[in-house]
Amino acid sequence: KKESNVIKIGVFEPITGANAAGGQLEVEGIKLANKLYPEVLGKKVELVIADNKSDKVEAATAAARLVEKDKVTAIIGSWGSSLSMAAGDIVKKGKVPTVGASCTNPLVTAGNDYYFRVCFIDPFQGTVMANYAYSKLNAKRAAIIQEVNNDYAVGLAKFFMDSFRALTGAEDSIVAVANYNTGDQDFSAQLTNIKAQNPDVIFAPGNFTESALIISQARKLGINCPFIGGDTWETQEFLDIGQEAVEGVVFSTFFATETPITAESAKFIEAYRKEYNKEPAAVAALGYDAYILILDALKRANSTDRVKLRDEIAKTKNFAGAAGIITLDANGDAIKNAVIKVVKDGKFTYLDTIAPQQ
Amino acid sequence: MAFDLFLQHLSNGISLGSLYALIAIGYTMVYGILRLINFAHGDIFMMATYFAFFGIVTFHIPWYITFPLVLVLTAALGIGVEATAYRPLREAPKISILISAIGASFFLENLTIVLFGGVPKPFPAPKLFTDVVQVGSVSIQKLTFYIPVVTVISLLGLVYLINKTKTGMAMRAVSMDQETARVMGININHTIAFTFGLGSFLAAVGGIMWGMKFPQIQPLMGVIPGLKCFIAAVIGGIGNIGGAVIGGFILGIGEIMLVAFLPNLTGYRDAFAFILLILILLYKPTGILGEKTAEKV
Amino acid sequence: MLKIEDLVVAYGGIEALKGISLHVEAGKIITLVGANGAGKSTTLRTVMGLVKPVSGRVLFQGRDLLAEKTHQLAKLHITLVPEGRRIFPKLTVMENLRIGAFCRQDEKEIQRDLEWVFSLFPILKERSWQLAGTLSGGEQQMLAVGRALMSRPQLLMMDEPSLGLAPLLVKEIFRIIKEINQQGVTILLIEQNANAALQIADRGYVMETGRIVLSGTGRELLANPEVKAAYLGKKRSG
Amino acid sequence: MSMLKLEDVSMWFGGVAALKNFNLEVSQGEIVGLIGPNGAGKTTVFNIITGVYKPSRGKVYFLDREITGLRPDLITKAGIARTFQNIRLFKGLSVMENVLIAHHLHLKANYLEAILKLPGYRREERRMREESLALLERVGLADLRNERASALSYGMQRRLEIARALATNPKLLLLDEPAAGMNPKEAEDLTEFIKELRTEFDLSILLIEHHMDVVLNISKRIYVLDYGVMIASGRPEEVQNNQRVIEAYLGVNEDAED
Amino acid sequence: MATKKTRDRVLTILSLLFLLVFIGFAENHLDLYIVRILNVCAIYAILGMSMNLINGFTGLFSLGHAGFMAVGAYTTALLTIPPAVKEQIFYLVPLVEPLDRLNLPFPIALFVGGLLAALVGGLIAAPTLRLKGDYLAIATLGFAEIIRVVFTNTQNITNGALGLKGIPALTNLWWSFGTAAFTLVILLSLINSSYGRALKASREDEIAAESMGTHLAKHKTFAFVLGAFFAGIGGGLLGNLLGTIDPKMFSFTFTFNILLIIVLGGMGSLTGSIISAFIVTIANEYLRILDESINLGFIVIQGKVGMRAVVFSALLMFVVLFYRHGLMGSNEFSWDRFFASKLYRRTLGRFTPGQRKGGYA
């Protein structure tokens, strides 16, 4: 039997459709990693990119195609937890180890021993921001404005509210919960109501696209309290769209370019700037990490056998990725530090690092 | 305070409503003449914002030159879409034309994604329009004063054009009976192309206003406004230009008031537009100002 | 003035016209009679460019009409009063008439022609602000004729103008056709009311299933026993 | 016996009265004509009888049962069938299907029986087909039974409409300008045809027509409408010589000069 | 005549046997990717046929299909997900009683899904079927969107935006092709019955149909409800094929996709919908090569990701522009048509010796 001299890694991302923005950023990181590390075990690594079109039916088919037709050794993806979930059963059945980059919903890896991820999950992030608001901002009254049909945002908001209530010890410390839908562009009614409640801080988990509009509309309505949010904000477009309105907003994310956590971070940042001529987003770093994590496991497994590879990935401990040190827990979720950043002078600036509580 | 709050909501509502109205006018005009739901209208609207982006950001052309240029380019784009996607189907069953419209819409969206990427870009809104003025405790963007003015000017211009000019008469004749219109010496291809160009021109006006109010553009940004403004047009009685304006305001103010006073139902905001639509259609099956089409048997 | 040569027209494989030739002289009234489905309307529609023929030629003052687009014929002063009136129901009577003059720029002359049409059909003047769709059938028919006249036709083709009209109006319509003709308009007329049509016609053609089977002056055809038997019925001719 | 009776029926469209206090009666086996200038309200009378319009005022009785404003399909089931002034065939369907559809109202089998093609349904379907074919033969369209209705010429379409109306097995037939678009010879043939139909199918007929030869020849009685008001009624000779009818509708007879 | 009928019967039975054997083979020997595509094809065929019943045959311009699918998909999923998994999924807001414990066999769950979709169809039919043309279209589209928004907001039943996960993968080729065949047989039989003619009559001319004794409201509602029923079942099959569903996937884009299928197949042709469902699904998959770089040996054309979607929409427009009546128009597949088709004569027909057709004439 002829040994193939390439190793195929499937990339399964929304490159078109509603989630295209995130998917494309993630692919940038993955491609960069592939460029820097084109070989492993003496073989060339080839990326097979499958567009899942931000659509579940497509996502499942795309995954099946990677598994069955392209016979990839491992898969990376996908931006958007719901798309990842659509592929869950397929990679499990096909026994193809899959590493998610930025899908933070707990259900992606739950009950699926072939699904891993290099990011932390929603509960952790929600808790981190509640802590930040309570201890650093001295907030007693928080308002929420959440993207109600985005599982990511709803998850983050729930964990934020739970922790914030616990911290303040007051049930009514959440003074307003306003909802909006993906794709909404007008938030004036919600914000006007929030303004009337006069909160100390507003937690606004959601896509950067809507969030930037929310914050700039809030400022126009004369809302001056701090806005805090989640990792999805960390894109150049968030700054471009929000402009001066997003000055001072704070959010949790995976890594910071200013404080390269690892040698890999520095390498990544430099290469990314060179390649794409812009500042890297966290999801790009995560895509990058997913790739190098797989390569690392391949090396340890010293084989392209998918089951062996899975076992090695599961054993990952203290792996130095671009976006931090990764240890995978029993679920396959990364335990890692969260970074807090602020927008200052139109740039994302490092503020703090928060370690997970054991 | 409570009254101020209401005033703030009302100002928000008028601002959104007039924007809906502005876009709905173009939609309804094209429908009125061609009896065609131009699903690509929202995407033409989207393209206009990209034209503006490239003009101002990429080529550094000042906005007062870019904007008129955008209007012309978008009109040309509309004429192009008509010529490729609709003209060959002049005598085809309605459903084919509708599919072609949907196809054109998908095509524009996907092409934009391939060419410009799916990542949103900031719309370069001149400060002049986006500044905020404070009226009592109510904060109002300057744009909120400009948009209704633009809407009313467009409305009056369009009504004049359609009812008082020879071109308008030809447009109406084409809407009733294309074959006979041809017998009368009307070049229906030109007339329809003109209608489309005009509709796209209005879409571009709406797109620029929208971009200034919500300064973020992306390839799928036209879908929801397209749908909402179509609903506004139907609520007002599709084909009726005054109706579109009324529908736009009802929808805009209604949406804001729903979110404002029943915040628990915010999740139902998009459904609200449809619920309103269905309630109005049940009461008046052809919309508020729609003509009765009781068939003479 | 108008010459049709060997015209063949098919609707999806079925031949509606199987090679007809006819000739319309300037200043005359020519009429086509024939049973249902004989191809009369098809003939007019083909001349007007609304149907594309399989083969054959249509010449108007020596000019090949088949090369022209329908909307250009109005500029050549050829007009059709279509089967079933086809007025624009949501335009006013005045607008319907004005659209008849769509290709003309001579505002003064248009005004004069408006007056002429109103003198032919006084009722239209009374109703000039009414939406055409609310007119009665006979009024609509007058409007359709009036609209056609507004283009100042040299050749006026009419497809069953008396269809569905009350007897009083039928007489009126034929009177008006004669009057228009006397003012110099050439007329090609299709009529089921063969009696009346042949009486005013200078020349008639009889069509049967896509062919012209007979032609002659109006009087000749009226007197022809075959025509009588097939189209005129026994009572009238008796 | 009174077949059809209209009592003081009025109909307004917006502010316009299309019909004012109109009374009409058709007896068993009668052919009755309804004439009047264009826009007089004749078709409106048909639309009111068949339930397409609900009258603003007044009552309609069929076989002494009130049917005012009943749903059109129920009125057809009760035994009234019509043709349309502006032909309304099922254009995309075949000639045969056009007639078969009219048979549907007498179908006894339900959805399930029809889908499962149970024997009872099969029998009914076979019978419908036979009857439809017979009707098409009767109007001379049997050879064209597989053509699309839209491919028929105007006159043929009119005949198909009559066949389709007959297929509902009516007791009263309403014909709206059946001879429109026919030449005098064809109109004469149609007159004979209608007469035969009456005896053959034991019908009562109410007829709108502008061809005077047809109306005068076959109507037992004639009603004349003008601007929604009945201006005359009676036997053909009476109506023909009524001065108001001549002024409003017939015009002075010029044929005399021939 | 008689021999021709026998020939058709034999050919039909042979093809069915072949299909059975093929499914058996595919289930066991073909890879998951192909099996999945075949499943999707069959499900889209069901959805296409059911939408064709409403839009093509009854002439109701309805854009509410995604809503019916959503009802069927959610119902079937909720009835088949094991209780333990449900507890795990509903981690934000728990599932209401007694749904959290309910667990039914797949066929029953599917049927219930279909019934609920039909019920929703019936409820929507009552007010909307009075509307006509574009107004009906926008109202039904509205109802479908309302269903979707309601599903997004009723967290304790649908899990809201988080969607359902861990739906058992019960859909296989037997189920999807079996249901598609069942749908075809039922709908074909309906269309060819007197009731089918009544539906077509109301499509052609409502006023004339009513005047010929057709009870419009009854027939239209029936078509709508039956269409919704099969859409619900199709949705159920899809959910249990994908393993996860959420409200977003049932947006109007999904309806448009089905609409494209029926228009390409031919409005008013059930078999056309089936053929087109296969072509569209497979073509869409095949066009993936556009997203990848193509190696022609001497030159590598760099693929532009997203190009597939552009080409696909362009192809759709092309087909509509040049085959405006779709592949089949309003005709159904028949062996006669097949033997007369260009496709047959250019391919298989060449190898058939002699004047075979003459023998049957």
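To keep things simple, chains are lettered A, B, C, D and E as they appear, and every chain counts its residues starting from 1.
Throughout what follows, a contact is a pair of C-beta atoms (placed from the backbone, for glycine too) under 8 Å apart; a residue touches a chain by one contact, two chains touch by 3 or more.
Given the structure is predicted, the values throughout are model-derived calculations rather than measurements.
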Which chains are shared contacts of chain C and chain E?
B, D
If each hop has to land on a touching chain, what is the smallest number of hops from chain B to chain C?
1
Chain B to chain D: how many Å between their CA centres?
48
If you average the CA atoms of chain A and of chain C, how many Å lie between those two points?
75
Centre to centre, by mean C-alpha position, how many angstrom separate chain B and chain E?
33
How big is the gap, in whole Å, between where the Cα atoms of chain A centre and where those of chain D centre?
73
Check: chain B positions touching at least 2 other chains come out as 110, 113, 118, 267, 270, 297
Of all residues in chain C, which are in touch with two or more distinct other chains?
none
Where does chain A touch two or more other chains at once, residue-wise?
15-16, 20, 148-149
Given the complex with chain D, which residues does chain C contribute to the contact?
11, 14, 33, 35-38, 84, 135-139, 160, 163-171, 192-195, 229-236
Spell out the part of chain B that touches chain C in their complex, as residue ranges.
166, 169-170, 172-173, 176-177, 179-188
Contact footprint of chain B on chain A as seen in their complex
15-21, 23-25, 148-149, 176-181, 183-186, 188-190, 192-193, 196, 209, 212-213, 216, 220-222, 235, 237, 240-241, 243
For a test of understanding, state which residues of chain A touch chain E in their complex under the given definition.
15-16, 20, 27, 48-51, 53, 55-57, 60-61, 64-65, 67-69, 82, 85-86, 88-90, 93-94, 105-107, 110-111, 148-151, 154-155, 158, 182
Residue numbers of chain E touching chain A in their complex, please.
31-34, 36-37, 40, 85, 88-89, 91-92, 152-153, 160-163, 165-166, 169, 238, 241-249, 285, 288, 291-292, 305-306, 308-309
